[in-house]
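Dropping the structures in below, format is structure tokens.
Two complexes, one shared chain (chain A), two partners (chain B, chain C).
Moving on to the complex of A and B:
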């Protein structure tokens, strides 16, 4: 048995070792945090560096003669026969009067996006009184021109190794010097659906698809998840069966998401006959996917409600239901909502199960409802990443930025909700 | 050796140790000896010493046994609680006094493994009758807990909650009246009347406990159960609650569990001493504290433990 003196000596002897250990632990924690932040920084900076240019797009300024005999032969606008492409091409050719051959013209026309004619058409349809006048119109350039303007095509390499010929580059320079080439806000990215032409491709279709899916998911997963959590926590008898249910819910949360896609394919599409590629089916699958997450988060929130509150209410003669709905639910609601939002942001970023139910199709139309064919944002990212055109690379990054912005927004909402609704006791 | 025995004695005071002793004595009949807090064997006696009956019984517990799973927590307790009397339940930790208290308004129902046998009646009606809704019972037998537990709502809503769920008030004015009178009776109105909309949790500990008492009496119970209501409070707040109990016993029967024998002596008319799940002695407060008849009671009171 050591006496007081030796005890004190031993405590002091061990002191430096304790301090050293603490220092090492702190330093390693700091290092780990720094590494995490570093990688996050690299990720975000490359993403922004690659994707930022997709938010602008090269446009050409053309003096388009909206001649009445071409687009409105009978005095009336005739969309079936009107050759808007021809108008735009003529307008471009007017800048290069020296060109005459068919090949020259074809090469020149390649500077224009196929969307240029559509843009002029939309303008004329909206303002029919423009027929017969000449208008200065900014029309989208082809994606190769866009890539050249953004410096992604190297004009110094051999002509055969790039998508633009020497002559095309010269023409672009000519137009540029005339002030007829400009990088303008890429509205198409937010207003268009998918397209084979990078300059016309947008994420609106995918965004609407994701939106409709999440509506289905939250409408289904939140009430069912909360109800299940309340039943399991407050009402279910604690026996072997409830243990089994609990283990299964926890396991379900860890099931690879593609398995849920297979389930959706087998049950919702093949057996129930719901349409393929539809946000309805996607939402159902994602609801199944997020259900365990919501149940687990809600149960944790319910468990965190102090039992003294339940006892107080019971002691006053509140029924079990009243205890749950008057006291437990309001106190657990911030946690439940946080769980739901985190589940939703997981669902928003999920692509694997959607592949199985056909939401990976190339769909140009923006979906207008729950049963229209659609894609989702992460699937759109995958589709673009898979496309060979150089201009899709920056659009992939841009779509990722948009997706991350939504995720950030949702997580921010979760934090704000939790802050505002949290009550202290 | 000296160290070891001292350690054992220390642990006997511990709730945990007492519980294991309870387990060991599960099968013991009342006739055999039980250890006191020093571990010495003391003859328990065939029956509760003193007088379990009272002149004007309101709640009557007959041969009550409580089991938590295999743990026999309350052993054959018979006790009468009179109308408008204050009775204190005392005894070392784990002796079953809180368990007994919670039987009186069926708060043990929410513990799945708990099983109650015997008979408890309120004003002649069996409270464990299957046709009796515990909601009705708890409206008649209110409870105040060890730790102040106001709802995270306003002071007003805390008091109004009980009347609201039971539909006691016809309109807003009547509810206002109930809230004000309850706060008044709990001696809290003066302190909070200008901030009824503040959260109940913003009050001090003693105020919170008085709020809980106001909340309980707002339902107009006939019996109030108090489970160590002052153990989390300072002496000044404790004194206020004790004064309050003196006033409340004009209208309500009060059953109070306490670890403080001084408190039991101050507020109660009768005292029941529990030991290892047995009800050892019941009698008028002055008799128990001045002249305990049972050896275990005497040990406990003179030992001043708990």
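Moving on to the complex of A and C:
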């Protein structure tokens, strides 16, 4: 009878059940931790697997005859007249003397990127002595050729199901056997702006846009954030106003970022008439977005400075303002800078508010200033992720790898700064 | 003069003013050796002059910039023939825009006639005059302010106190920017939302069940009446948030418990920073992953199990969003668990309960308010999350609770309505602001309750 058991026996009777429960609990904790880390692993491995190939790009080696008649009719280089595309096409056709018809030629020309002519042009403009000679030049291939070389187009499926015809694949094989096809470093990715042609699209424009935006953001958010933190920690009287400011800052840190975009659209663009798509407006919005982060971090840094420092300075006759600016602020600076870097890395990854203020436009030119139309790195990722071309998927992954590398660098800097400068009191 | 040059020039003047003020302060007491005769340090005298040299003209400059365009436009309109002055507001605006474009050499959308050209020339002339006047006034005011302050320098001048008062006000202004940001957010969404609610009744917006924001361009267009019942959006947001919470709450909670109670210091040292990486990944990257990796996978798995799965399913977006929120839940839970006094834990263990019993029967109940507050903050984060749903959840406003179907959310619709052409007199564009208002109110309430519970709970054990 259970009620006649001693308490010891009762405990022992339930012991195995309780131990089993304990084990299950522990295992579920381990599982939960593993899920997060597992996701991280899958995430990074798919990213690298998809994106690594975008750092190289297929080029074709062509013997381009830079005939003087076609590019420099009067002895001088005439860029309006010169037909560099024609030169490149002729050079490609010279590899296949058996082709003659217009359709054949057109099909063959599709192996070339539209950027091939530009590349030859840039080469000639940089070095006019080349006119009249024949040069071996590596020119970019069309993105379909690139996809074939990277194994993303299956040559064994039916011709109608792929973007390259059987003949085109044969031609590429011929060129490949002649050593005229190669995967080389994709410089365009880092030197070009956006483009409709995947093989010419680069992230330089987006990177410059992000850079200009972050300059505006840090120039505004850091001084204002530090000043606000100093006031709230050192000067603010304990009253309703400072309570309100305090609650406000904590709330702002949790307001959805897209709402800041609505604010930017209504205030900066519609009311103040600032230009659309400009890094200036993006920087302003991101400054408001990161301000709470910087204030909260700076306040924590100021709080960590021991009161004895303040008292010693006050005792020697410094005014309250002198105490703060000569003693507290320099000691709290590493913590404030760490907060600023973390705020900046958040701003760099932010995209939703930028969509609202028009930084999502298709912009080919690399922006050169704060009011030029620009886009940002995360927005570029969004734009490319939406593009149907196969080649843009790998470029998106590559852009993500670049973005994550920047974020990693910033966070590393924050960690090192904290380690180096942190003081224990 | 360009305003950037003007500001640069003022910067140089302020530096010069600083040195002039400092050297005069030393001069009035009779040389650098006699600095003790001054009430304030010489540097403060320098700052004093510098502030008087910069602040008044800066105020003038910003005030001028604010009213200048309005006044010039009014003057140009006045010079137009009477027939054009009486045009309706919309056409007049177009005309003014065209005059401005012609004046700055941009593309003009109307035939250029003599009147038009004259107005543009007038516009340029007024602008140039205004700029000249502004430059003279600003630089004159800077010189005047600096000179007056310079003359006031005296051994008894309380320069430090005056400079510190200015700095103090600057600090106050900086700290109130956060409040102004909130006010700015409220006003900017409220104004447009009110205009929207004049076109579409509030009841239809809140309780209507059809969302199709296309408004007709032509009167006889089919199927574009524009219907603004936002219930499907709210339902879609709820569905995705619920999925995200089902993933994030148990996983985040158990992770925090495991790392706090069971794992060795070494495992914790590795696992914690790894999980924090999850919090640092930009949302657009999660969106890309959700759309290109998780969505096809969900579709394959779902279809092999016999479900009909949309290519942009709520499940894929919700799963990835849940993963994103794990670090938030686990760090807030960690805080809450650590705030429970160790006496309670030791007492329970001392009475012979296992670690899991201590956790579930003693620590978690004690930490519950803190955990609930954290979960509310996580819900608010999920509701306001944009990029993941924009890229992975789709646009179809289906009123459904089926996680395999495509749904749309409030944030997705805000983005779709505002990206591209905007017309601030059509209900379509304004609807985005009404949705923004709803989003702001809901997340604000969740944040306030969440932050309040977390703080209250922390104080309870302090």
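By definition in this document, the second predicted complex is superposed on the first by the 390 of 425 C-alpha atoms of A that agree within 3 Å, B and C clash if a C-alpha of one lies under 4 Å from a C-alpha of the other, contacts with A are read in each partner's own complex, and residues count from 1 in each chain.
In this section, a contact is a pair of C-beta atoms (placed from the backbone, for glycine too) under 8 Å apart; a residue touches a chain by one contact, two chains touch by 3 or more.
Since this is a predicted model, take the numbers as computed values, not measurements.
After superposition onto chain A, the modelled positions of chain B and chain C are compatible, with room for both. Residue contacts after overlaying the shared chain place A:116 against neither chain B nor chain C. Measured by the number of chain A residues touched, the leading partner among chain B and chain C is C. Applying the stated contact rule after C-alpha superposition, one finds that A:238 touches chain B and leaves chain C untouched. Shared-chain residue A:319: touches chain B and chain C both. In the superposition on chain A, A:66 contacts neither chain B nor chain C. In the superposition on chain A, contact of A:285 is made with neither chain B nor chain C.
Of the two partner chains, chain B is the only one touched by A:309; chain C is not.
In the superposed pair of complexes, A:404 makes contact with chain C only, with no contact to chain B.
The gap separating chain B from chain C at its narrowest, counted between C-alpha atoms of the superposed chains, is 8 angstrom.
Where the contact sets of chain A with chain B and with chain C meet, they give residues 319.
Contact residues on chain A toward chain C in their complex (touch as defined above): 11, 18-19, 21-22, 25-26, 28-33, 35-37, 39-40, 43, 46-47, 223-225, 227-228, 230-232, 235-236, 244-245, 247-252, 254-263, 265-267, 270, 273, 288, 291-292, 295, 319-321, 345, 348-352, 355-356, 360, 378-379, 381-382, 385-386, 393, 396-397, 400, 403-404, 407, 411.
Listed in rising order, the residues of chain A touching chain B in the complex are 237-238, 306, 308-319, 322, 326-327, 331, 423-425. Within the complex, the chain B residues that touch chain A are 105, 107, 110, 112, 134-139, 142-145, 147, 149-152, 161-162, 165-166, 199, 201, 212, 215-216, 219. Across the complex, chain A is touched by residues 69, 160, 164, 167-168, 170-172, 174-179, 181-182, 184-185, 188-189, 191-192, 250-255, 257-259, 261-263, 271, 274-275, 277-278, 280-285, 287-289, 291-293, 323, 326-327, 352, 354-357, 359-360, 377, 380-381, 383-387, 390-391, 411, 414-415, 418-419, 424, 432-433, 436, 439-440, 443-444, 447-448, 450-451 of chain C.
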